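Presented sequentially are two complexes of chain A, the first with chain B as partner and the second with chain C.
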Partner chain A sequence: MITKKICIIGDFAVGKTSLINRFVDNHFSEEYLTTVGVKLDTKELVTSTGTDIKLVIWDIAGADELTTAKRSYIDGASGYILVYDISRPKTLVSATNLQGSVVEEIGSVPFVLVGNKNDLEAKAPEPDADLIDKSCHQLKTSALTGDGVADVFQALAEAVVAG
Partner chain B sequence: MKVMTENDPAMSESVHDFIVERLNIAGFSFDTEHHLVTADGNIEYYFPNPNTVTSDTQATDLFPFLVGIDPTIEKEFPYIEMPNGVIVDAFIKPTGIGYDVVLIDMSLQRDKHQQVQQIANVVSLQKDEISAENEAKSKFISTFSHELKTPLSSILGYSELLTEEDNARVNISANANAIHRNGIYLLNLINNVLEQGRADIQQTTISTSPVKLSDLLDSVSYLVQPLADKKKIQFSIHYGCQEDFVLVLDEQHLCQVLVNLVTNSIKFSQEGFVTIEVTYADNELQFIVSDTGIGIPEDELVTIMQPFGRAKHTRHIEGAGIGLSLSNTLVTLMGGELSIQSKLGEGTAVTVTVPTTNAVIASDLNGDAKMNDNKQILLAEDDEDLVPLIAYYLEEAGYDVLIAMSQSELKAELANHQPAMILMDHNFREADGIELTKEVLESGYNGKVIMLTASSGEAIVKQAMSAGCSDFISKPIDREKLITRLEEHLND
Partner chain C sequence: MKNPDPKTSAALITDSKQQNDSDLETLQKLLVGIDREQAQDVFARVQQLDRRSDDIYEVLVDAVSKLNPDEQSKVMEHLSSVAATSLKTSIRNDPDNVTEIVYPIMLPAIRQAVADSMRSALERIDNMFKSKLSPQSIKWRIEAQRSGVSYAEVLLRNTMHYGVEQAFLIDKKSGLLMQHVSALSGSQKDEDAVSAMFLAIERFVKDSFSEDDDALQRVTIGERLVYLAHGPHALLACVVKGTPPADFLENVQSTLETIHAAEPDTLKEFSGDRDTLASINPVMSELLELDFDEKEEASDGFSDKATIGMQLAAIAGLLLLSYLWFQGMQGKRVDQYMHELNSNQHIQVYNAEKRGGIWELKGIIDPSGATPAGIAHSAFVNEPKVVLQLTPVRFLNAGTADVADSN
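Right after this comes the complex of A and B.
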């Protein structure tokens, strides 16, 4: 089994922790509890090519920019999930900025672009073609219903293994 | 627990123990192969099971945060919540023969930090919500202003033409029709906005009464036919059941729904036809409003059901975007369902199903109706423009009309006549129409009082009924409805 570090980043309250809770524990809480610092979780997967992979998931506190502390958190990540909230257009702007900062910090590694809260009315526009092109996958999810959540982690695991 | 201790000789053991215990400090040394060499400090705080920490233990098994990290470079990770829930500041320090990992418990600090950050984030979210609401309000006001100004411009323009002294070249009938058509459009728009406002605060109440099916659809036709005529679209109603069925329905809201749907069909059609097909079976009334219009893409069917939602390809066409969502809300409140089938470029069919009661034939109900010989009606209304208009409607329908434009005129007319009915303005000059109704009835008047009101609140209707009114009629006055309602009450 190979073990890889992945990060989940995005503005605050876009549902990063909820996505992980849904994926790791199949659980969702309506209560909003902001993440401070970083929370670690692990989950094992098998890729479509049969590779066993253990993901060490870094749930990094949400913000619209990558502060110094957060830059240290993404060090050594093999991939990341870039999340925005489809009901809050400004979170897509934050996601775009964060993606640029991550590349500055650790170079180009695979990422999945995720529009979360798909159960709500979409107010954010579709992401720029440039951002979509850079991502290895673009998906819409709902941590509330679980829709698309496993696909996000599976897609990133496949991309990380493929190198 | 101390696995192996290398005390600083400069520090007494008691001081060392105090710091370790107070800060829950633990240090772990690994060799270049990532095997644990030594561990010191409050290790059991982080790893209660002593078998977890042995010399065979790999660094990443103990500390998943080391995965992907180069430990030959000094690092600091603040506020890491470990999988077991413990919150630490983690320091990685290269030693030349491996590296050390030092943990300091930060649970208390992190909790305090979290409380502050939580408040900041929630406030920021609330600010965003308020800002989004304000933006939506501004957008609504802008759209609504535009929607109001367009028909108003036509009404003012055509009415100005009619007032010109030298109007020999003016087509009076066409101009009056244009004014009427735009007035209807305006009325429907205002009704939709008021109803949407009530629905938003959950104050819409469904009020049912026996309604003759053809009367309901005649009202719809009366309101939408001028719009269809203007666009040269053929509008028709097809009955799949008896026209004179009487059913218990919320006439006002059902009429509003059908007018909204037909208006949309006309608005989004360039040619062809718009039809209403009505059927009744098993205490369920079904209307299908079909058109040969531009249609709706499948992926936009959800959007157009939202308040102010517009399909992208229709944004050049005027409209506030509330008719369909409001209709859906009203139908749901009536216990019914609204569904849409549409094909882009081919047309749309909206199906409305509402529950009702057993249908009764209207002629069966009217068998015992008595004709009232007294055809005198007292119109208590103070609007100088409205009085001659209503009086004209009533006189054309064969009624003898008395007019009172003030409280004293009302009393004088009642002293000399005994009209079969009083049409009482709610906001009557110098007096409240509801209070006047009570006074008139208490003074011995034994005819019927019907309230005329421009107010839309349910509370006013209730007040009018409890004051002794037999009914209420909303302004603007619909001529056909007015006469029908008067006949019903006078023959009751």
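Right after this comes the complex of A and C.
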């Protein structure tokens, strides 16, 4: 089995931690998010090519930009999940900015663009074509119902293993 | 006479000139041909940069190899400022590269300095404890003399029990777990998540409190300590229960250096496959044996039972000594009492004997001169364990007496 580090980033209250809680095997207390600014979880998966992979998921506290500390948490990531809230257009702008910051920090690695809270009325526009092109997948999810959550992690795992 | 055609004349002149040039060239070749080729070769060497570099390289190497000591020092003097500037620029541009180069040299030196410092601290503690005396300290003192180590070391060893529960080798960049060893049985927290959390905490502390490259070295969690040793590509975190000796981190650092020396490229290029670093697992397992607990005491011949037996024997010995001392003191006091009684000219005590824990003093008394009760009270206050048996007699003169009554 190989282990890979992935990060989940996005603006405040877009549902990052809820997505993880829907999915992971082991997780630490959410208090770490407010103290250290990051929470660690793991999930084991098997890719379509039969590769066993364990994702170490760094849930980075929500922000519309990356601070120095948060930049250091992204270091060494093989991929990331970029989350926005489809009911809040501002979070899509933040996601676009965050994606640029991540590229500055660790270069171009695979990422999945996730429009969360699919159970609510969509108010955010569709993401820019440029952002969609850069992502390896674009998915809509609902952490509330669990819709599409597993697909996000599976898609990123496939992309990370494919390199 | 027909005038010659100017075009034809010019052609003839040109042909003639070309012929002359050709002849002249032939003549030149015959006369100075070799020198000319050499000259052309010299020109080419001067004009072509790569050939010039080759020449300079050959000359430079040869010249340096032939330098005498005075010339060498002159060359070094001129090159030193250039080399220093070059080194500064290199460090500024890529500090990691230089860190990697000096890491194997600097860390042993730092460890040596720390070890020296610790040794001097131990000597101070040693001097401090030398003035203390207790049964336990006597035992440890004997142990120190027997084993040839300082008393302070034995003291620390016996008072600081600890055990290494887990060791994590962590990728310094991603926080991914490279190797893990554990002395614990049963279910534990996911080691991959713990490994990542260690790096997160390390970075959080560093970002929050340190502007330099100071690194987090120790974290206290209740009765456990987490020691973090830092290398160019990996962290080694040891979870310790109890209080380890002061040089513990030095041992962990040394293990990390061994790991870096054994697998430098694999550590640098780690991609998440732990099997690629399986060879260092035995090195890490040795960390779990770094402890001073009951097992080690037993191996020194001091099992728990033997220790308890020694303690009981010491207590019995002390009780015996106390009894003998008390008996000696009591006998001394009885002698003193007899002396005081005999100093009275109306009393003569001739025997002192202990029966059933009570001293019986036998003698004679002249009732006309003293009463036994009064004498006993004044000479030996509050002594219930002494019985005075004096036979009343009338003293005629010193040394003789008539028995007057029986007590």
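By our rule, the second predicted complex is superposed on the first by the 151 of 163 C-alpha atoms of A that agree within 3 Å, B and C clash if a C-alpha of one lies under 4 Å from a C-alpha of the other, contacts with A are read in each partner's own complex, and residues count from 1 in each chain.
Keep in mind that, in the parts below, contacts are C-beta pairs under 8 Å (C-beta built on N, C-alpha and C of every residue); 3 or more make two chains touch, one makes a residue touch a chain.
Predicted model only: the values in this text are computed from it and were never measured.
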Contacts of A:Ser72 with chain B and chain C, given as first, second, both or neither: both
Partner chain in contact with A:Val56 - chain B first, chain C second, else both or neither: both
Partner chain(s) touched by A:Ala162 [first = chain B, second = chain C, both, neither]: neither
Which superposed partner A:Ile2 touches (first chain B, second chain C, both, neither): second
Which of chain B and chain C A:Asp41 touches, first, second, both or neither: both
First, second, both or neither for A:Lys90, with chain B first and chain C second: first
Overlap of chain C and chain B interfaces on chain A (superposed complexes): 3-5, 32, 36-38, 40-42, 56, 58, 69, 72-73, 75-78
Parts of chain B lying in touch with chain A, wherever the complex brings them together: 60, 64-65, 67-70, 75-83, 87, 110, 113-114, 117-118, 121-122, 124-125, 128, 132, 306
Residue ranges of chain A in contact with chain C within the complex: 1-5, 25-28, 32, 36-38, 40-42, 54, 56, 58, 68-69, 72-73, 75-78
Residue ranges of chain C in contact with chain A within the complex: 171, 173-177, 189-190, 192-193, 196-197, 200-201, 203-204, 207-208, 271-274
Touching residues on chain A, where the partner in the complex is chain B: 3-5, 12-13, 32-34, 36-42, 56, 58, 61-62, 69, 72-73, 75-78, 88, 90, 121, 123
